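First the structure, then my questions, so here it is.
In order of appearance the chains are A, B and C, and numbering begins at 1 in each one.
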């Protein structure tokens, strides 16, 4: 209670309600105000602590992966295959090449399809059908990646497969593309929506058809944003492990075929290396984790950078 | 006022009908994007049909209800499509249980934290820190799940969780949730790592949901003498409720579908236990861990698990999306 | 310098705040005189109309300035706001009248980068003293906003929100009824207290917001253009309400509508924008503050005259 109060103690504090004409000093708390101020302070402290707590795992993961991984990454790591997990002189060449194979295929499938879907949603989509497409695209982001792997296995690999290719980089590409597709679609849709209608109208006023307007005016204007969305989708796809177990199967030797033969991939190699009880294999798995992490992080950071510049221009 | 010249046009003026090429190109483009737009339905339908046909003999062999409630899983060796020839037993209950338990642990731990972070970033953080802070949290979503798995297995479990579990067991071991013996990997270890993994998506959506809360209602509450905490709790939270439920369900969907990290941390046993410290397996993790050794019949069993998992996540996701969509467009979560 | 001892002149006198208002006002007055302003509007020869000092002040502002970062939104305001009267803030947009209003109950604290200097004395206490809880300030000094902003709750819950927050333990139903009666809304809503506040018309919503504000029994009511979103009939109702409420509350109202200021207020403060050409800074200044009748019939400053007669702004 404030020293400046000239009210009798009985008139202060709990229960006593002021009339509009009775001035109590501001420092004199009313009813439950003291408790509320304490609750407020406690709550704000909790929020701040939560923020700090949430950053801790990221820092710990970064630190652990960097410190363990740096020891394993060297020239050999990128140029050698891994004949056994026990051997010291070995590397993840097969995994890197396999990941590149798989990702190139996935990008070629997912980005055009996702972009076309986004164009449909923004430029042509009307009514029910468009909302359903949008809704199920959103729902598709939540489908477990292992289920996508099972589907591709059933489609291309299992004995009852419709188009039998067996385990292959192509099968893995298809699975990753299905995982990337909704991400590409939804982020591209957001970017296309940012293109102002005046630009479209300007193009129409010059006599351009709708398809021409989309291809020559809207897409270039949205290009940086589209790149951002696609890169985030690639970042998500490149780290996927589960569907690859069912589609690429894995290989510790270099495989250069695309439509046949089990293919390796960095996440698969990390997984198998980490689950074996050999020191060297586990060390290389950390190296793989670090490389994968760096690739993903670069993609995300560059995507954010391009995206923020795109937003400024728009 | 126009100036009329007597100069005759060189060519007859072109009609308003366009050239043939253009008449064809525009509708063709339109059809092309419309068909690709609807490809999402084709893909979804193909997924359901393909996996369900593969899994069908298992459901016939086991009965759908028997499949869901049976608690024994033994892969059979038959190569036949005929359920009559199947030799295995396919009961998915231990894995359904493991999936539910780990996902629930994850959501129970992640939701309060995500709420706090979202409110901190939106309401308390200095304006120029807001973007960097939300990027930092979203960075967690960029960590590949295999990296979460390795970090969990080689660092978090031995250094933090095992000692913590041992303490928990010594202190509350009599309680059915915390009965020993302590292994390290198990339901709780998987759930804790899952909580970290789903934190970014819940945070991102909750942040968008509370960001659309009208400022004038917050001001009204402030003007009535509400503290910051009271504005968050009594104004923002109630009107964001359905969005927050939606966000948690999306997080739940992610936790249910997560494979590799859970596979590395849950301990991989085909039994189930009421104690959170015990080992088990989840549906997604079982598919990945049994796949390589599975016989054709066993793969069908895994397909059946996959179908059940799909139905599960589908129900969760559709409900979640409907809730989140009511708030309006939430864009930022696609990549998180 | 004009010899008239108006408050505006006193304000520009201290060396701490030489302010651009003085010379600018002078030059405006000079140019107006050169153009042959009618004599009864002259500023210098009215000693009989000397500004009546505020006897019982609820707010006493001494050199109050509000900054957003380095930008001074409103500068060097010195004025006294009387108790149980209606004080209107008028002026062109961007003159800082709303900013000043929002700093009276520390709503500006919620705007990142906003800071207040000078002394803002409320009943003898500095509102911005470090140990004063802003929430407590807002409990005493209620506010009604430009756009009606009822919570998405029932009518009853809207009014009960504040008392509940403050731990009111008496007859809540009675208090809700009393508050709604005071704003003349009770007879209109008494059968639908459970319905959403958003179901009401705009004017009813605004009266609900006033009821919500007075349910916490504040001392002062701040109104930030409370009628700007309402139709003329609803506006009239709110103005009548303001007349009734001033017996209990001290009211400060910001308005764009000069007729409204003339109709409802006892005192009027006219603000204007001074543009600093060197820094390109637009700072709101208090030009003149006096009884409403004087401001509208016989202002001391030419700029006020120009504004209230619609010649600028």
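Keep in mind that, in the parts below, contacts are C-beta pairs under 8 Å (C-beta built on N, C-alpha and C of every residue); 3 or more make two chains touch, one makes a residue touch a chain.
Chain by chain, the UniProt names read as follows: A = Phosphate transport system permease protein PstA; B = Phosphate transport system permease protein; C = Phosphate ABC transporter ATP-binding protein.
Worth saying up front: this structure is predicted, and the values here are computed from it rather than measured.
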Q: Name the graph shape formed by the protein chains and their touching pairs; answer line, ring, star, complete or other.
A: complete
Q. By number of C-beta pairs in contact, which two chains lead?
A. A-B
Q | Distance from the mean Cα position of chain B to that of chain A, given in whole angstrom | A | 12
Q | Averaged-CA centre spacing for the pair chain C and chain B, given as whole angstrom | A | 52
Q. Chain A to chain C: how many Å between their CA centres?
A. 50
Q) So which bits of chain C are touching at least two other chains? A) 135-136, 139, 165-166
Q) Where does chain A touch two or more other chains at once, residue-wise? A) 36-37, 40
Q: Could you check chain B for residues that touch two or more other chains and list them?
A: 227, 230
Q | Residues on chain B engaged by chain C in the complex (per definition of touch) | A | 126-127, 214, 216-217, 219-227, 230, 234-235, 239
Q: Spell out the residues on chain A that touch chain C in their complex, using ranges where they run on.
A: 4, 15, 17-21, 23, 25-27, 29-33, 36-37, 40
Q | chain A to chain B touching residues, read off their complex | A | 36-37, 39-40, 43-44, 46-48, 50-51, 53-55, 57-58, 60-61, 64-65, 68, 113, 116-117, 119-121, 123-125, 129-130, 132-133, 135-151, 153-155, 158-160, 162, 178, 181-183, 185-187, 190, 209-211, 214-215, 229, 232-233, 235-236, 238-242, 245-246, 249, 267, 270-271, 274-275, 282, 285-286, 289, 292-293, 296-297, 300, 304
(Q) Could you list, by residue number, the parts of chain C that touch chain A in their complex? (A) 122-123, 125, 127, 129, 131-133, 135-137, 139-140, 165-170, 217-219, 248-249
Q) Considering the complex alone, what residue numbers of chain B touch chain A? A) 18, 22, 25-26, 28-30, 32-34, 36-41, 43-44, 46-47, 50-51, 53-54, 81, 112-113, 116-117, 119-121, 123-125, 133, 135-137, 139-140, 142-151, 153-156, 196, 199, 203, 227-230, 232-233, 250, 253-254, 256-260, 264, 284, 287-288, 291-292, 296, 299, 302-303, 306, 309-310, 313-314, 316-318, 320-321, 325, 331, 333-335
